[in-house]
Amino acid sequence: MEMMNERIFVINYKSYSTSYGEKGIEIAKIAEKVSKDTGVRIILAVPFTEIRAIASSVEIEVIAQHIDPVAEGAATGHVTAEMVKAAGGKGSLINHSEKRMLLSDIEEAISKLRNVSLYSIACASTPRTAAAVSLLLPDMVAVEPPELIGTGISVSRAKPEVITASLELIEKVGGKGIPVLVGAGVSNKEDSMRSVELGASGILVASAIMNAHDPEKKIAELSYGLLKKT
Amino acid sequence: MEMMNERIFVINYKSYSTSYGEKGIEIAKIAEKVSKDTGVRIILAVPFTEIRAIASSVEIEVIAQHIDPVAEGAATGHVTAEMVKAAGGKGSLINHSEKRMLLSDIEEAISKLRNVSLYSIACASTPRTAAAVSLLLPDMVAVEPPELIGTGISVSRAKPEVITASLELIEKVGGKGIPVLVGAGVSNKEDSMRSVELGASGILVASAIMNAHDPEKKIAELSYGLLKKT
Amino acid sequence: MEMMNERIFVINYKSYSTSYGEKGIEIAKIAEKVSKDTGVRIILAVPFTEIRAIASSVEIEVIAQHIDPVAEGAATGHVTAEMVKAAGGKGSLINHSEKRMLLSDIEEAISKLRNVSLYSIACASTPRTAAAVSLLLPDMVAVEPPELIGTGISVSRAKPEVITASLELIEKVGGKGIPVLVGAGVSNKEDSMRSVELGASGILVASAIMNAHDPEKKIAELSYGLLKKT
Amino acid sequence: MEMMNERIFVINYKSYSTSYGEKGIEIAKIAEKVSKDTGVRIILAVPFTEIRAIASSVEIEVIAQHIDPVAEGAATGHVTAEMVKAAGGKGSLINHSEKRMLLSDIEEAISKLRNVSLYSIACASTPRTAAAVSLLLPDMVAVEPPELIGTGISVSRAKPEVITASLELIEKVGGKGIPVLVGAGVSNKEDSMRSVELGASGILVASAIMNAHDPEKKIAELSYGLLKKT
């Protein structure tokens, strides 16, 4: 699914007021432009209600922020992998710290996504839980210490050892090659550059973009950080 | 929002394989046609991912099957009232038995919907919980004994006393005038007719339509049941 | 179960370090002494692990802080009404804001307690949810705005209208006579006196006692507040 | 904590009517006798309300069936590691399939138990989730395919590959030496014998004992199965 040394940049729209409607599409188009300009693989994790509209507006990948590991049928208010796919989504975040999941449901959700050829980005907040989710066969792992989310204090600055320990432990348990993303507090070029230096494949960013006065400038800045020769 | 003696027919798409994509729109158009033919107010409770597509395809009301009572912002994987509204939804089911909610969250969700001028249909499974949710100021109440959901055995046949007791108790606690819908097992004209006879304003139906060989025939049948002079 | 004009004082042990072992029994004996001295009905809501030890150490009532509305059998890690009773408990708190429950589970838990002749004190945080739980036939209702819990700022001072509105609404929906307790921030004599003046039957207190340097003095103070002629 | 080749037999009392009061102590004493007779390490996972009474009645280990990963203090209705320890418990089951936990809470619960020198037995239902929990540093891992729980059809007969795959994967990710228990449907000597043959250190059993007409005979039978030379 990804090329060697590919740089990955997931924009988590969360449920900011900029995450839906025209603003959501506007950010998507900006991200698409930056992705084309830089070659960075930008993935948009958007609200369920916006998957189809955004996926049909841009060529870069759109994914869900969560799926419920339920079978199709009598599941009112749930989001299935099949629905995400039908709407044009390519995958989903799983177990984000704002939507934590039961261990057994994480495995089931990853499996249900794979069954319909969608990919999963499993989130975790510590090195050991990151390694644990890597065993459940997600396509990528994102590491986000929840105490830094939304702070503007990057994990790559404040707790680089969380990233390096996660990478080491994931590799040790057989996850060599699985792309690892750095989340929580990533807000400037230095942060994204440092993430790659520490060995990550990319970043997972929300507030720095969704609340930005100039989202294009911010997306470009973070993208160029990912590409900086180290 | 509703007229006196208006008949209401909520089609809960749940997450059936017919709930999304072209099939979901097809059922919506059929429902729209039957609604125009019969004057029954048909409301479509559709998957989050389909709200915008279906709402822009038909003139009848489209609602969500659930919302999370969270504020906009850092709420990954959640569905806010604002998102539903932006996608063209007019309201939401709340506390469906397949997506039960904390008591405090029910009040908060109804309030969040109202704040953005969306309506709520609060579900309950017993007379006392139906009366309890009616105190939280929803726009309608739906009563569904969960043991009958999906069985094809209508509550109006098997447990009519659940409906009458719900209506009495809701009225007793000050909810006179709030439309009450009958759910669980509603599957034929007799069922919808009986629901109105018992004093309900309408029905909440899922499997009988979503799994129907001929959805138009089934939607029409249930609609005519609602209109039958008693 | 309670006499007219009886004053009720529930001490919620929560899970403070003083809630278990010798300290937990010590506070229970102090409460028993104050109860005998003052005639106030003091009820101890203690950790599951302490119900039997405390219930066998004092003559005043001991209750659980929660029960799970499950049937006996294959329910690992759950607490049934039967277990609470077997340990000597007389009832349970239900739906405390630190252990919120699904609406349907609140009704079921109250029913399961009653089935084994235990009583329930259903908690709520707003007037409307308080009235809603009163319809589910609990033996008492406790009103606690969660934002004041543990603050030392009493609801009877900061938000007396929450208490009066709760009492009015509960009475309006048919709950006249059900004892209503005031919780959240109750910390001195003035607070407990005010609670009774507002029409409540008593108080639900945690931190003011569990963290007190002199629990006896504090329990006595709050008890005398409940008895003060107004 | 355990010796080489030690055989471990966890009796999960669940919430059967035999799990509390005199019957619970009776089963504990029987288990203690069998443990002394056979040398099998029998551990009793009992209801919260019974930990102290049973732990003070027998010399074999008593553990909780669950703990909540919360700090002491304002946590009504929760069970802390400290409470379990104060009541005489030596550890706890974690993430039983009837009390599933969020991934992040599993790590936190194991950590909280260890902080007060209690041990943890983390449950999982598949080889990959078993390996995942083994990374969170529990003291033992129990593997129980939930579809077999309570059936009397042992996993060691029906799905031996679940056990062998779990053992292999746990070892592969660095968990060599961690005792693995086999659960779900273990009901006779053949089952416990097979569990050891497959490489497990012991068994986790509930209904076969809690519902037995002659618990002593059943506990002895399963214990001797664990000891059988293979």
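Just a few scattered comments:
Note that the chains are named A, B, C and D in the order they appear, and that numbering of residues resets to 1 at the start of each chain.
Note that contacts are C-beta pairs under 8 Å (C-beta built on N, C-alpha and C of every residue); 3 or more make two chains touch, one makes a residue touch a chain.
Predicted model, so just to flag it, every value in this text is computed and none were measured.
Ranking all chains by how far their C-alpha centres lie from the centre of subunit B, first place goes to D.
Note: Cα superposition of subunit B onto subunit C, rotation of 180 degrees, nearest 5. Taking each chain's centre as the average of its CA atoms, subunit A and subunit B sit 34 Å apart. For the pair subunit A and subunit C, the distance between mean C-alpha positions equals 45 Å. Within subunit C, contacts with two or more other chains are made by residues 97. Chain contacts here close into one cycle, and each chain has exactly two touching partners. Residues 12, 14-17, 19-21, 45, 47-53, 64-66, 70, 72-80, 82-84, 86-87, 93, 96-99, 149-150, 206-207 of subunit A are the ones that touch subunit B when the two sit in their complex. For subunit C in complex with subunit B, the residues that touch the partner chain are 95, 97, 100-107, 124-126, 128-129, 131-133, 135-137, 169, 172-174.
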